[in-house]
Amino acid sequence: MEQLTDAILHQVITPRPADSHKGNYGRCVLIGGARQYGGAILMAAEACVQAGAGLTTVVTAKENHGPLHTRRPEAMAVDWLDFALTESVIETADVLLIGPGLGDSERVRKLLAFVLQKRQPDQWLVIDGSAITILAEAAGGNLIKLRQLLGFPETVVFTPHQMEWQRLSGIPITQQTSRATKAFTKELGATVIAKSHRTTIFAADGFCARNPHGTPAMATGGTGDTLAGIITAFLAQFPQNGKTIAAAVYLHSLIADDLAESRYVVLPTEISGALPLWMKHFEYD
Amino acid sequence: MEQLTDAILHQVITPRPADSHKGNYGRCVLIGGARQYGGAILMAAEACVQAGAGLTTVVTAKENHGPLHTRRPEAMAVDWLDFALTESVIETADVLLIGPGLGDSERVRKLLAFVLQKRQPDQWLVIDGSAITILAEAAGGNLIKLRQLLGFPETVVFTPHQMEWQRLSGIPITQQTSRATKAFTKELGATVIAKSHRTTIFAADGFCARNPHGTPAMATGGTGDTLAGIITAFLAQFPQNGKTIAAAVYLHSLIADDLAESRYVVLPTEISGALPLWMKHFEYD
Amino acid sequence: MEQLTDAILHQVITPRPADSHKGNYGRCVLIGGARQYGGAILMAAEACVQAGAGLTTVVTAKENHGPLHTRRPEAMAVDWLDFALTESVIETADVLLIGPGLGDSERVRKLLAFVLQKRQPDQWLVIDGSAITILAEAAGGNLIKLRQLLGFPETVVFTPHQMEWQRLSGIPITQQTSRATKAFTKELGATVIAKSHRTTIFAADGFCARNPHGTPAMATGGTGDTLAGIITAFLAQFPQNGKTIAAAVYLHSLIADDLAESRYVVLPTEISGALPLWMKHFEYD
Amino acid sequence: MEQLTDAILHQVITPRPADSHKGNYGRCVLIGGARQYGGAILMAAEACVQAGAGLTTVVTAKENHGPLHTRRPEAMAVDWLDFALTESVIETADVLLIGPGLGDSERVRKLLAFVLQKRQPDQWLVIDGSAITILAEAAGGNLIKLRQLLGFPETVVFTPHQMEWQRLSGIPITQQTSRATKAFTKELGATVIAKSHRTTIFAADGFCARNPHGTPAMATGGTGDTLAGIITAFLAQFPQNGKTIAAAVYLHSLIADDLAESRYVVLPTEISGALPLWMKHFEYD
């Protein structure tokens, strides 16, 4: 298993062409944020904006719109009860993220089903948090059904922590070896970010790597939401492949490790705030 | 075509007379921010406040008032459903801006028509974003009708990107040469900020110039809203002419270029935050 | 007319006794913030909190509570439609401020009348903004009636700009000499902060002084609201006299002058943010 | 009486194991924030998040959810009118805090009674602010009844100021000697943080110490709410005993003393913001 190094960032984060505009950096649509978990989708959104997505639209409970615009006016907001508007922004999306703070309700399950049903093969989809669990339950341990639900697994990215991965893959946490996860991922045909102390990336295109970074200072709710937002933004502006996804994972924890040099606790929003400077640092190889 | 330099800022940004007050720096009224796009009008408003407007009032959906006051309590807020109050703030405005996050609805079209109808010749009007498209459709490609709709074109500023300019002028993007845009602008009699990789200003008073600055790091939704807010504030406090408008365009991208030295992504709100320091820098020539 | 110097700050801002608590630094109640002008009362409140008031309660439209708590959770909020609660917080207040963003409506007039009626002689009252105009109209140019309305003029502070002072005193702006203002203030028996290019303080206890500071960089809506909040906090924690009020005026513009060294525009909220550091600087003489 | 020193921080704040996650740092549930006092629970929550709690859920009036998510999206929010959801988050909590901005109403009394009734012996409970007064009244000066109400006093922490301590213990402020407070605390069997100029900790496990830090610059509403949040987070991640509680008290005032070197006023939220850096400083002994 390859170990990621700074080289992955130099490869992925390339200088932007001078004559480019926001349309070149992707339309991202982020879906999540049930009332109780509104902060999760806010954190995903600000990670997405600060990681360089051209246009970020958040489909979420109306209660979250004010906080979203207050924290990051650069993002747009759609009420997730407004089905027609939700449909139209999903249709024109380049990259979709569903999961941060999504919760689990009948409506949310319908929304996830709708996204899966409408999604075109070239629209990448990041599936995070409770969306993984909902999907695992829907598939009921049947891999063929899971692949059918995904439609085009090769443009899906899962970001499970260990328990979520157990639910999705059926592999118990204690048996989640690289070999086992890699084998299941290959069958699944999607990209999997297996989050743990040392997160491992198993990409649908065959790229596999272990992330050497990460710190227990990140052990605060919201860290995963932030990572999901960064992956979304990276897929929106860089080549859509395993290396790009791995670069997002690597950068997230590299920044955290740096902040943890001086902080006992690294808040997820601090990582997002540091993205523009760090991305610049690695722009030239 | 003249290329803008720092000299334009030295000329326009002059020291304020000691014995002056907020009334001397203009009443700006900013109209926009449909629910989905609430952040756009927030970004225009904070650019306007931080660029030195004396009084900034935002006419927008009520949902945006809380976020506006939270981000910039210096701005005032009017519910755009309150027609009487909207009318009264428009009447006493020195400079008007319509467009950021305006969206396109029957109500919004009426609001735009109302602004155009009530506007006095000495009230400058900046027309941005979807307001340009609405107006282009209303004119139906008829220049005389467009001039009639504007009423007093010489105190109007358009800030179209290339597609919006195509809609307004009828000139296809591929044929938007300086010569073609200048010719149409002259017929129109208004000022046009033709936004592109190298934005060009064609002012109603004959001043034309190309902006050498700008960076793809600005390719995030909200950059145009911020520019519109700066133009509005500049027209509210400096001589109302092409040079002042050009100075606003130049400063916006000069700050972005500077921030982009250390940032892969330059968020629009960061540009606004830097305005007071940069304006001071150029105050003395 | 004495010119204020740093000495006034050294005299007024004294070290706090070690064994003191928030009750020693005053209960301030700030009343204002009609919907359109919600930002004004937010700015007064954060100036009050950051200038060291022990407890700050804001009586304002409910729409402003969220933005208030978001910007400064240290402040408490009372819905100004809740008459009983408003009455109870007014009764226990040490210092009252009415005016920032108050607007002018029947309800607001009643609220002002209620404050004037309920106020005890030792509850200082700062009257700012539209509250001055409302009171001027209520008095109808009759000084005796004005004094009656105030109840205890000697614990009232007015903070009029020139037009408001004309309305209250009947002295036309062009005739607002120090002599004329001083004479009227003496008759009135209250303290007057006559705001202009060089603000002058005429205190009820005879202290008169001119403020040499102030900059046109402050010419943004909200500057007066911020000043009113600082005066309120100073009256809540320092000896309640003309020197203390003058110190508040002096400090507000001293900070602005310093910020204006590097800023073309000094936002009111920046002044508030700098208060704790500046007050420390002058704590020791 | 032992005097606390930096040593308590070195002992308590230990390096986090590399292979740990947010579940290892506790589920904290904070209850409070009636409308008028919404800021209090926000301040407790951000102290809790920034002091390193793994997961922070705030049970509060719905009006406070937007401001909470705006200030700290890392926290989750539960409407305190939603009894079922409140019950479920309480059940899975590791540490509970009730009191900041709680106010006093029939509903709030029921909520407190419910928390006390449902609480398991290993769920630590911090009782702050008006919750102390409500409990004092419910016990009516009867120590046995008070112990019964608490259920498991040994996992309860009270944070009374002097008047609240008088209400709870029956000891008049003038007679609140260390000896008297210690004696009552021993009978009570709970931990008491007796807040005053020099706060003293009397822990249920016998640990007693006086805090040498603290400054009158902290004399602003919200300081106690912040302390309560830090205690909660410390109990969620460090050994649950008197030393850990004392370390929280010590750190809170140590940071304030440091900030007060350069500030006349130290806002509670500034203390919270400084927590991650200070905790890192003391991580290694």
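A, B, C and D are the chain letters, set down in written order, and residue numbers restart from 1 in every chain.
The rule is short, and it goes like this: contacts are C-beta pairs under 8 Å (C-beta built on N, C-alpha and C of every residue); 3 or more make two chains touch, one makes a residue touch a chain.
Everything numeric here is computed off the predicted structure, so don't read it as measured data.
K.L.:
Determine the set of chains touching chain A that also touch chain B.
P.N.:
none
K.L.:
With over half of the numbers shared counting as same, classify the chain A/chain D interface as same or different.
P.N.:
Result for this pair: different.
K.L.:
Report, in whole Å, the distance between the mean C-alpha point of chain A and the mean C-alpha point of chain C.
P.N.:
50
K.L.:
Centroid from C-alpha atoms only, then distance chain C to chain D, rounded to Å. What do you get?
P.N.:
So the centroids are 35 Å from each other.
K.L.:
Among the residues of chain C, pick out those that touch two or more other chains and give their numbers.
P.N.:
Within chain C, the residues that touch at least two other chains are 66, 70.
K.L.:
Which word fits the touch map of the chains here: line, ring, star, complete or other?
P.N.:
Chain contacts: single closed ring, each chain with exactly two partners.
K.L.:
Can you list every touching chain pair?
P.N.:
All touching pairs, sorted by chain label, are A-B, A-D, B-C, C-D.
K.L.:
Please name which positions on chain D make contact with chain C in the complex.
P.N.:
Residues 35-40, 42-43, 63-64, 66-67, 70-71, 161, 197, 215-217, 219-223, 260, 262-269 of chain D touch chain C in their complex.
K.L.:
Spell out the residues on chain A that touch chain B in their complex, using ranges where they run on.
P.N.:
13, 16-22, 24-25, 49-57, 65-66, 68-70, 72-79, 85, 275-277, 279-280, 283
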